[in-house]
Structures are given as C-alpha cells and as structure tokens.
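After this come two complexes, each holding chain A, first together with chain B and then together with chain C.
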Partner chain A sequence: MSQSYNRGLIEDFGRWKEFSAGMWAWIFHKFTGWMLIGYLFTHIAVLSTAIGAAAGDPTLIQQETDVYTTTIQGLESLFIVRVLEVGLLAVAVFHILNGLRLLMVDLGIGLSAQDKSFYASLVLTGVITVASVPTFMHGVGF
Partner chain B sequence: MAERYSSFAPGGTAWLLQRITAAFLVVVLAFHFFQLHFVNHAAEVTFAGTQARMENVGYFVTMVLFLITATFHGVNGVYNALVNQGLKGTQKKVMLAVLVIAGLALVVQGIYVAIAMAGWT
Partner chain C sequence: MSTQQQEPEPQEPESQESPEDPEMKGAESPQNQRLKEKEQGLAQEETVDESDLEGETVHIKVFRYDPEVEGKQEPRFDDFYVPFEKGMTVLDAVMYARDEYDSSLTFRHSCRQAVCGSDAFFVNGKQQLGCKTQISDLEQPIRIEPLPHQEVVKDLVVDMDHFYDQMHAVEPYFQQEDLPDGDLEEQRQSRENREKVKMSTRCIWCAACMSSCNIAAGDNDYLGPAAINKAYRFAMDEREDEEIKEHRLRIVEQEHGVWRCQTQFSCTEVCPKDIPLTEHIQELKREAVKKNLKFW
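Presenting the complex of A and B:
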C-alpha cells in the first residue's frame, strides 16, 4: 500500500500558505479547466458566423468580405485579443502538461516525483508561451 | 492513513471517460493550436481557407470528435468540481440537467457550424 498524507481540506483556501505542490497543481488544473470550457462556448459562438457566410452571397466569400472572415480578421486585428490568445495558450499548455502528469499519477508512474513534474509543467508552460509570443503577436506590434 | 482524496468516484464510467477523452484531447488540442497559429495564422483565416480544411473528411471527423470529447471533458469537469465543492441534493440534480442541456446544445451547434464550414448545408 502506498503511503498517503492527510493535508486537510483544499477547499479551505484561507490556508493557502500551507499548500503543497500537488495541491497547487490541483487548483491550477481546476482554474485552467474553467477557463478552457468557458472559451469553448465562446469559440463556437464566434465560429457560428460560418453559418451566415455559407448561406450568404458566394462572391463575398471570394472577396473575403463575408461575415465569418470579417469577424475573425476583425477580432485578430485587436491587440487585446492577441494578448488574450497568448493567455489562452498558456492556460491550454499548462492544462495539457499537468494533464499528462495526472494521467501518469493515475497509472501510478513516477508518484514520488509528482511535485517535481508539477514544477516541470510550470517551467515548460512558461518556455512554450514565451517562445510563441512572436507568432501570436505578429502584425500587432511584433 | 488519510482517506482517498479525488474529485471523482474511482472505477466509474465517467471517471474512465474523463481520462480517455483527456488522452485524445492532449494530442488534438496541441494539433489544433499548431495548425491554426503556426501552420496557418489565425489573423489570416478566411472562410475559403476554413472550407478547404473542413472539406477533408478526415479533418472534419477529427474536429467533430474534438468538439464532442472537449465538451464532455469540460462539462464533466465542471460537474465534478461543483460536486467536490459540496453540491448535493436537488441543486446537484438541477446542475446536472443544466450542464447536460448546455453540453448537448454546444455539440449540436458545433456540428451544424462544421457542416456549414464544409459547404454541405
């Protein structure tokens, strides 16, 4: 039987200073999960402009002035949208990397290094996010 | 010995599905970001470009599966987070119904959008 520890309730956020690495991973995973499902609903709402574009005048599609193209390109021309996209990338990358860590934990692989793999997820998320900034901000100041 | 602490009842169907969808989403979400930010740039997306991708049946099926698995994974995650925070009784049942309806609506709308993108409407 593997050893386990009683660290108390994680829902008691007031004692956050006592939280261990695994507890922070749990909180970050939940937070990024809320962000991602919220984004998914928004994403499908924006992409729904494709319905109007498909039903509209085909020449508008050729001229790239249909509602889908202008909505997406209009959003992408905004600096704040690009900043939010970098934020979304950071959130998604962390959720992916920590999710891989959780799959490993569930399979019982590398349990003794679960705190180190959380720190690795954080560092890798930072590196991938920073490295993606030039691509994500292209045309709006970079 | 501390009690086992998890958001999920282990051994359940939802528990297993959450992990199966996770393994799929890890790959497809990474592909999706790479495809629409590095291969194609989001700022250069046009309806014609989207249609060229969506017309490919393999891509279409992948995107629809992506939608279904992401919706299940997200909505099930929200439900488990709420149950974990202490949601129970009638509130729990109402929340489950709201999430199931919202999830189904998202999947139906998303598939309709994908069909429109592919030009099959």
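Presenting the complex of A and C:
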C-alpha cells in the first residue's frame, strides 16, 4: 500500500472543529492539570526565596517590613497578579469538577450523561469564578 | 411545497400507552432508551425536513484521489448535484453520482442496511455509515470523505488491514473446549449473560470508532475500541473458563490496550450500532484491576 495517500498532519490539526464534549473535556483536563503543576512549582520557588523571614529579625516581622511580608504585599498590589489568581481558581475548579466527573466515568457511573456532566463542570466553573472576582480583586479597582 | 401532506404520521410513539410492568416499558434498559430517543428524533425530522427537499437536488462534495491516474494523484473534491428522493441516504447519493455522472467514483458498499459495515465514511465531519445516514438530516453541501486515520487507497476506499489486524489480535472467537457437566451437547448461555454481552455482539467491523479515536490516531499499536469491545464480548461470556478470561484480560491490559483509553467517548458517539464502547472499555479496566489486586 505504499502508493496510498496519507493525509498526514493537516487532517489531524483540522479536526479540532469536529471535537465533541468528551474530547474537549480531555483537552481541558490535560491543560488545567499541567497549569496546576506549573503553578505549584512557581509557588514553591517564590515562597522559598521569600522565606528569609524564617531566620529574620522578630522586630521586622512585627513591623511587617520583613522579606516575606513585603514580597507578598508587593505581589498582591499588582493588578495582573490578582487577575492570575482568578485564573488559577478557574483552572483549579474546572480540574476538580471534571476530575470528579472522570472518577465517576472510571467507576462506570452515569456514563450516558458524560456530556451533560462536562457542560455542568464548565458552567459551575464559570459561576464560581465570577463569584470569586470581588474577593480576589478587593483593593485593586473593586 | 407544503401541500404534499399525504403522510398521516402523527407522533405515534408518545400517544401509545405504556404497559404496567416497568421491565416491559424498558425503563432501565439503555437500548430501549436509545431506541426511544431515535424514534422521537425520526418523527421530528420527518415532519420538518421532507417537504423542504422534495423535488430538489442535493449538493454533495466527494473526496477524490487515484494514485494510478496521473492528474488525479493530487486529492480534490468533486461536486455532484443529485436529485433528492424521499428516504435518500448518503450511500444512495454517491451511488447515483457513480451510476449517472462518473463511473470511476470508488467506494465500498454491499448490504445497504447497516449490517455489512463496508461503507463508513466521514460525512460532514463525522464518521457515519453511508447507508444509515439520511440526506435530509445533513447540512448542504454534504462533504463526503474517506475515514480519517486510515490510508486512502482510492477515493472513499481506505486500507482496513490495520483495523482487521487489531481485531484479530484479541482472538475474537469462542475458546471453550469442554462441554458442561451432564448430557448436554451444547454450551448454553443464560439469558442474563446473553443480555450482558448483547450490545457488544452487534459490531459490524466498520472501523468508524477506530477512525474517530484521538488515541488510536496517535498510537498505531492501540487495540482500539472495536477490538476491545470484541474482547469484552468473550471475556464477559460465562461459558468460557476463568483461565481463558484471564488470558483475555492479559491481552487487553497490555501497554497498548485498555489503559490507553482516555474516556473521550468519541467511539461511543459514532458507533452506528449504538454499542456503549466506552462503558465496555471501562468495565474491562476494572476487571483487569480486580484480577491483579487480590486482597480478598
């Protein structure tokens, strides 16, 4: 069959338009899972470099001018960081909700509603994210 | 157009009285549920679409490729305009195009009633059996392509060898040699057990599921939904001994077996025989775990 026509990558890349619920759920779950890993390591890196306070001067900590507190305060005063926090929540909530959906799928429970539970995860994620905005944006324009 | 209402087809299914027994109503059976959904869908479609298309032509765009003819080696789409008839399927349309316009148009078909599995095409972006897909359900122009992720031999004909290899890899045949105790000459199956494997026996080897699967597309060694379903059909058959079942589970739990499935449900959605493929794959995963984890 060496003559036969292999449609190759072009076909594969074009296929996302034909994705259905379960396929999107898979893509989003991969994406959010790896985003969470990325966040976890950034989180550890930032906090462990700011931890100088551990060996620091108690009076500085009292005055809230130690490295740790100023780092956190500096970050939290940035608008972009607040936006990223909302994004992190959205990613985590979707991953958890769809993760529960996947656990049900693994147990063979409610398989015929798998598309509906995916849409429900999306809607719930949206609602929780929007509801979190006032809290996360407090003091930076809200 | 709307004057042609000779068809007295009210929504029969709903007005029918359901029997008392919940079993008879098929309340629990997924198959009956699917059938009901389908019936309702059909009743709706018939009232909506039919009159619109009567007496019109259908615009189909068909994938063309022929390695043996110079000038056809570059794939292209050919447009055909086919006169619509009530009940026309995608297969009817391409057959008309072949018989009336271009006899070189190549595709497989045989039974024309969804039992031989030879005419799975990629129709408007979905794997469907040509003979089971109504033209009136589709948006025009209707794009008809060969199944993705299989090599194209010519026009709509794809190379099925790899798919068949995967099917054979799970040893798709009954392996129980011993007859049961007593004087029976047959290996009888209980009704319950028959019910359990019923859906899985319906596979017609059309390869629509394999073609729809992202994982199979990325991993050529993946057994694929149809082969795993085949393994399910025998692994769940109680007439085979426990050792044979274990042997079957060993086949499906290998590296390119059930654990490749990421539960995207694309196979279940395209299967023309409504086989709950993902459900069967998931059940085999649990069986494989149970076999290996013996705490009890």
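The rule we apply is simple: the second predicted complex is superposed on the first by the 126 of 142 C-alpha atoms of A that agree within 3 Å, B and C clash if a C-alpha of one lies under 4 Å from a C-alpha of the other, contacts with A are read in each partner's own complex, and residues count from 1 in each chain.
Assume a residue touches a chain if its C-beta (ideal position, glycine included) is under 8 Å from a C-beta of that chain, and two chains touch if they have at least 3 such contacts.
Only a predicted model underlies this, so the values are computations on that prediction, with no experimental measurement involved.
Q: Touching A:Lys17, do we find chain B (first), chain C (second), both, or neither?
A: Second partner only.
Q: Specify the partner with more touching residues on chain A, choosing between chain B and chain C.
A: B
Q: Based on the superposed arrangement, let me know which partner A:Ala25 touches: chain B (first), chain C (second), both, or neither?
A: second
Q: Should A:Gln114 be classified as contacting the first partner (chain B), the second (chain C), both, or neither?
A: The second partner, chain C, only.
Q: Of the two partner chains, chain B (first) and chain C (second), which one does A:Asp106 touch, if any: first, second, both, or neither?
A: both
Q: A:Val127 in the overlay: touching chain B, chain C, both, or neither? Say first, second, both or neither.
A: neither
Q: Report for A:Leu78: first if it touches chain B alone, second if chain C alone, otherwise both or neither.
A: neither
Q: Using the superposition on A, tell me which residues of chain A are in contact with chain B and, in the other complex, with chain C.
A: 4-7, 11, 102, 106
Q: Provide the residue numbers of chain B that touch chain A in the complex, in ascending order.
A: 1-5, 19, 22-23, 25-26, 29-30, 33, 37-38, 41-48, 50-51, 67, 70-71, 74-75, 77-78, 81, 84-86, 102, 106, 109-110, 112-113, 116-117, 119, 121
Q: Which of the residues in chain A come into contact with chain B in the complex?
A: Those in contact with chain B are residues 4-7, 10-11, 30, 33-34, 36-37, 40-41, 44, 47-48, 50-51, 53-55, 61-62, 64, 66, 68-69, 72-73, 76-77, 85, 89, 92, 96, 99-100, 102-103, 106, 132, 135-136, 138-139.
Q: If we count contacts the way the header does, which residues on chain A are in touch with chain C in the complex?
A: 1, 3-7, 11-12, 15, 17-18, 20-23, 25-26, 102, 105-108, 111-112, 114-115
Q: What residues of chain C sit close enough to touch chain A in their complex?
A: 30, 33, 65, 67-68, 73, 75, 125-126, 148, 151-153, 159, 161, 214, 217, 262-266, 269, 276, 278-279, 282-283, 285-286
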